[in-house]
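Each of the two complexes below includes chain A, the first together with chain B, the second together with chain C.
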Partner chain A sequence: MPDAMAQPLLDVRGLKKYFTVGRRGTLKAVNGVSFSIRSGETFGLVGESGCGKTTAGRVIVRLYEPTEGAVYYRGKDISRLARREAAEYTHNVQMIFQDPYASLDPRMTVEAIIAEGMRPRGMYSRGESRDKARELLSRVGLSPEHAQRFPHEFSGGQRQRVGVARALAVNPELIVCDEPVSALDVSIQAQIINLLRKLQRELGLTYLFIAHDLSLVKYVSDRVGVMYMGSLVEVASAEDLYRSPLHPYTRALLSAIPVPNPIEERGRRRVLLEGDVPPPLNTPDQCLFLGRCPHATDRCQQGMPQLAQAREGHWVACAMNEELNVDAYTI
Partner chain B sequence: MPKLLELEDLRVSFHTYAGEAQALRGVNLTLDAGDTLAIVGESGCGKTVTAQSVMRLYPKGAADYKGGSIRYKGEDLLTLSERQMRRIRGREISMVFQDPMTSLNPTVPVGKQIMEGVLKNGSRESKRVTRRDARLRALELLEGVGIADPETRMGQYPHNLSGGMRQRVMIAIAMSCSPDLLIADEPTTALDVTVQAQILELMKSLQSRGNTSIIVITHNMGVVANIARKVAVMYGGVVVERGTVEDIFFRPRHPYAWGLLRSVFRLNKPKDEPLTPIDGTPPELIDPLPGCPFAERCAYTMRVCASGMPPEFAWGEARACRCWLYGPGCPVIPAEWEEYSHA
Partner chain C sequence: MAEAAYGVPVHTALLSADPTDSHTYDYTPLPNTAIRSGRAARPPVSYWRDALDRLLRNKTAVASFAFIILTALFGFAGSSLMPGFTKQDLYNTFLPPLSPGHPLGTDELGRDLLARLARGTRISLTIGVTVSVINLVVGLAYGGLSGYIGGMADVVMMRIVEIVTAVPEMIILLLLLTVLKSGMGTLILALCLTGWTGMARLARAQALQLRENEYVLAARVLGASRLWIVLRHMIPNALGPIMVRFAMSVPGVIFAESFLSYIGLGIAIPEASWGNLAQLGANQFPNHIWLFFIPAILFSLTMLAFNLLGDGLRDALDPRQRR
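Let's look at the complex of A and B:
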């Protein structure tokens, strides 16, 4: 999405990532996604499982090569970086993973896990990196005395704190948080979210926040993109998106979240979607939400609708957008 | 109304290499016929052990039932033989498991998996069921749980179905012998929100059609608000508070319930307001400290909290709270719950 304002920190343009799946064809995990993230903001990416949000995040941290399209970081295409610049990029862009049990090496001490990324850069000597690791531990709310312990000695929430410390070790600018709390208990989730927000304030970090929990994404994000089957169907400021969602899928998604209030919950009008998300294999060239959409017409079969600005800062990819009565709908 | 299920002071332990893990430390629960009870709490608090104990799913020697009783229609399930239990499972009480991917048999067509229970248990009315009857019953069940084209689906394997459909099949199997009690252990946790909404609607409609009582185990307060009429909040192997869904959401009494409700993300939560997590981590099950399991994380800990497990202080038979704040001689009861009463 072109942005008239200052150069964004990260600019994703027409990103596609396809996987070949045996003889059955091509899985279009990410199919033409464009968005940009400004320095210091939190951009949320939401959608149901299989919608391509994690794949998009992984392309951004260069765990995958894009099939088509490009990711620009401070104006530079990240798949055409010279070796030195590429090393620089990995320090600038870090990732926090979903599963704190699988993403820490069980045979390394916490200190070694945190210090591992600092070494190749030659920034710190062995002793300095040890001090820095201890400092990071206290920064994320663990005690520096924990440095010599192994991951199995920690609870899930504490492990995720170690994951955060590891990401911070190389002084990144952008952190891709891929479902950072979905494996944790509710009371612990809030601890990690508060920590991430505190670090953002203190260090001026930029986040790409990937999650399926809409109430959480709304709370942490400045702007939110909603993905469905590999495409962005709506992008808007968090407030705008939740107050007046435009895409029928976003509306259904919002109305499907059960509200933690029994009286409100009983009085709610639900947009119940039929069926499940079809697998994104060999998809036809039409609106991919067509089969489940309550407002579908013939026009929706004529190609996948592109994101278009419906109003200031609010983008939606829906052929029927003009006709749907937006104001009549509230959640 | 008679109680369908009554757990009294249920204590269950597991013997591990590290020592005795006290999973349940005196669980009290009641369920009326036709009611829906939600059991909420964090992982490791004993929700699933409670459910699996009611079904007596732990093989002899794996779990140690140390005390208490599980009375179902007046009969203590803990005193039944394995043979008598088999009469209860499926026909009287059935269960839907959390993970529809691993709880179906991947090598057997789903139709056959549904027919299995029907053939084994017979229908309610008559003992003898032919394969033909069972097939018809399976088709009817698949249709009842909202699966389109049940004829085709009958012959398909679990891997041909999506997660939501698999969970529908699980529910069809659980409903196949019209049980009086359905226990659903995190039935929607592995599913996406749009599919979760469908499954919750399905469970509510099944309940209004028959007179099935439901126990839902979940950690999602939104799901609780959606489906439950009664709620039991578990922590550290005990039910710390129970009451109606309105009691728990608008007049919670236990400090853990306050913390739980405050740490839930809400859509209307202002961005500049920090979340209020519960500090610390859940208690150890092996060699737990004496006293209230929540004492370590509680903002209102008193000296008495460390000395002994608080008893249940009750207000009527359906409302109780295990917290010393309601004991005799407690100086002031903090009015934290009042912040919920306006909601």
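Let's look at the complex of A and C:
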């Protein structure tokens, strides 16, 4: 099917989501983001806290209406779906939430939580959805005997497994994983990540994997988008991004990751982030990284640069791209 | 090289290198008693069933509830059986408790204290429960709607609540009670006009908070309808605090009624209520202390029982208390 090859599963085009805060303030949580996700891949979205990752994810699962731009799923604008199609969309695209303590209703049994998405479909009888919930429990590595327990009886990692099972219950194609492990212990993180990878292999899932931890994103993702203050500043394959980051912000983020080898660690050059993150309220029309960028010039004041392809499959939004590209391999 | 510089940090080393070897199970023992008590798996129980079980296991709450029921029985059955609560007998004034024909004695006009106490209990409980129920319904509807609609309607509705709260309660009460004919209806109206705002605020806060909760978002992502979300997630999760507030509001209303009756603005003699019984008793204070203490003790115990029941409800409705 050459058609399916050409068409990405999810296509995000010029997405903007503004929030009104206070009387007149406009908070540009997502400010013109474009990327696409191919079927079966994991697209990582990284960035500091508050850069708009969750907001972007929530627009994709239709919790928020986009202010501008659109999200296309299999070529269809998700804001313009007919009733039937919208219902179908909720089964194709699911979400795993960041906080496994807040994302499970404390007053429902695990079985009821997992069965929640099967109910509106009316596809299963009570007994069938119960059986399916139990099957999902073992699929995510929990005992089916725990079906009648309440969330508070489980550890954080176990709760997150319940969250995964709930998303799987409707047989989705794409799952938006919003920092699914950042609330968990490091040792538990690995288990959940491995579970997600196993499920991806077994079920052919596509992931939008949101995280603020670059090393984790590198591990799980095929391609990575780096977000800064509501904009994507760089998109590339995970390999390419880590080997030769182009945007000064990406470089700074990468150099902040510690290396296990102490000798290597001592010899590394660190690019430290200086300056502050400007408040995302009523932002000026210039490169948003300007205040913190070590390479800033006058050109950077002429609007936020657009993503441009610097190399095959490697996109960067930087006015100084040409110049910086030269030493990309030498830093 | 760059790869080395941006190498794999410590914790990814924990991730299994071979993705085929990643089927990990997370069978940490669960903190519960199901295994100890010999049951492999708990039989399916609904949330409400479970909450009721927990309430019934709480001895204080059960005792408080029993006490409230007995008091209500005494008030309603007792006042029907002893209709002569206004009957005077000037030959037998100030009889002490345990006198023949008058188990709790008589007051300064020779009226039977037991009959008056039963009548007073009936009036006070009726006012306390009626006002609390009206406030609950009005507050829930108003606050829930305000929080649920949000936007401009919410702003306007909450301004109204602020205005009502800003006027001192006593001024509204005194004004209404002096303008209107005194009696139970007026008292209920007055207490409702000032009392609904607390529940409205609580309901709104709950609606706003729950609406943004991640499990509500998860339900929306799963395609749940608004009605389902309200019925299945928002109401059950808001109900705990709301029922606790309700149970605690009954003694508050009774106290307000008693206070108003005590200062002569509420229930007027010869009608009886806990407040005016205590007031009459207080007039005879040093000489005939039972006239004050008997109604005061029943009143205090009932207040305590409602508060303890409220506590028990809060615990029972919190699934983290599940044992």
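Operating definition for what follows: the second predicted complex is superposed on the first by the 316 of 331 C-alpha atoms of A that agree within 3 Å, B and C clash if a C-alpha of one lies under 4 Å from a C-alpha of the other, contacts with A are read in each partner's own complex, and residues count from 1 in each chain.
By definition in this document, contacts are C-beta pairs under 8 Å (C-beta built on N, C-alpha and C of every residue); 3 or more make two chains touch, one makes a residue touch a chain.
Fair warning: this is a prediction, and the values are worked out from it, not measured in the lab.
By the touch criterion defined above, A:Glu48 lies against chain B but remains apart from chain C after alignment on the C-alpha atoms of chain A. Contacts of A:Ala256 after superposition on the shared chain: chain B is touched, whereas chain C is not.
Of the two partner chains placed around the shared chain by superposition, chain C is the only one that A:Val170 touches, whereas chain B remains out of contact.
Once the two structures are overlaid, the count of chain A residues touched is higher for C than for its counterpart among chain B and chain C. Legend: residue contacts after superposition of the two complexes on their common chain; A:Leu63 is shown touching chain C, with no touch to chain B. Once chain A of one complex is fitted onto chain A of the other, the partner contacts of A:Leu142 are limited to chain C, with no touch recorded for chain B. Legend: residue contacts after superposition of the two complexes on their common chain; A:Ala308 is shown touching neither chain B nor chain C.
In the overlay built on the shared chain, the residue A:Ser215 is in contact with chain B and with chain C. In the superposed pair of complexes, A:Asp185 makes contact with chain B only, with no contact to chain C.
In the overlay built on the shared chain, the residue A:Arg243 is in contact with chain C alone; chain B does not reach it.
Residues 155, 157-158, 186-191, 193-194, 197, 215-216, 218-219, 242, 254-255, 257-261, 264, 331 of chain A are contacted both by chain B in one complex and by chain C in the other. Within the complex formed with chain B, the chain A residues making contact are 48-49, 155, 157-158, 185-191, 193-194, 197, 212-216, 218-219, 238, 242, 252-265, 270, 272-273, 276-277, 331.
The touching residues of chain C, when paired with chain A in their complex, are 2-16, 19, 22-28, 30-32, 40-45, 47, 213-215, 217-225, 228, 232-233, 236-237, 319-320, 322. Chain A makes touch with chain C in their complex at residues 58, 61-63, 87, 90-91, 94-95, 97-99, 102-109, 111, 116-117, 119-121, 141-143, 145-150, 152-155, 157-158, 161, 163, 166, 170, 186-191, 193-195, 197-198, 201, 215-216, 218-219, 242-245, 254-255, 257-261, 264, 268-269, 329, 331. Of all residues in chain B, only 42-43, 162-165, 192-198, 200-201, 219-226, 228, 245-246, 249, 259-261, 263-267, 269, 271, 274-279, 281-282, 343 touch chain A in the complex they form.
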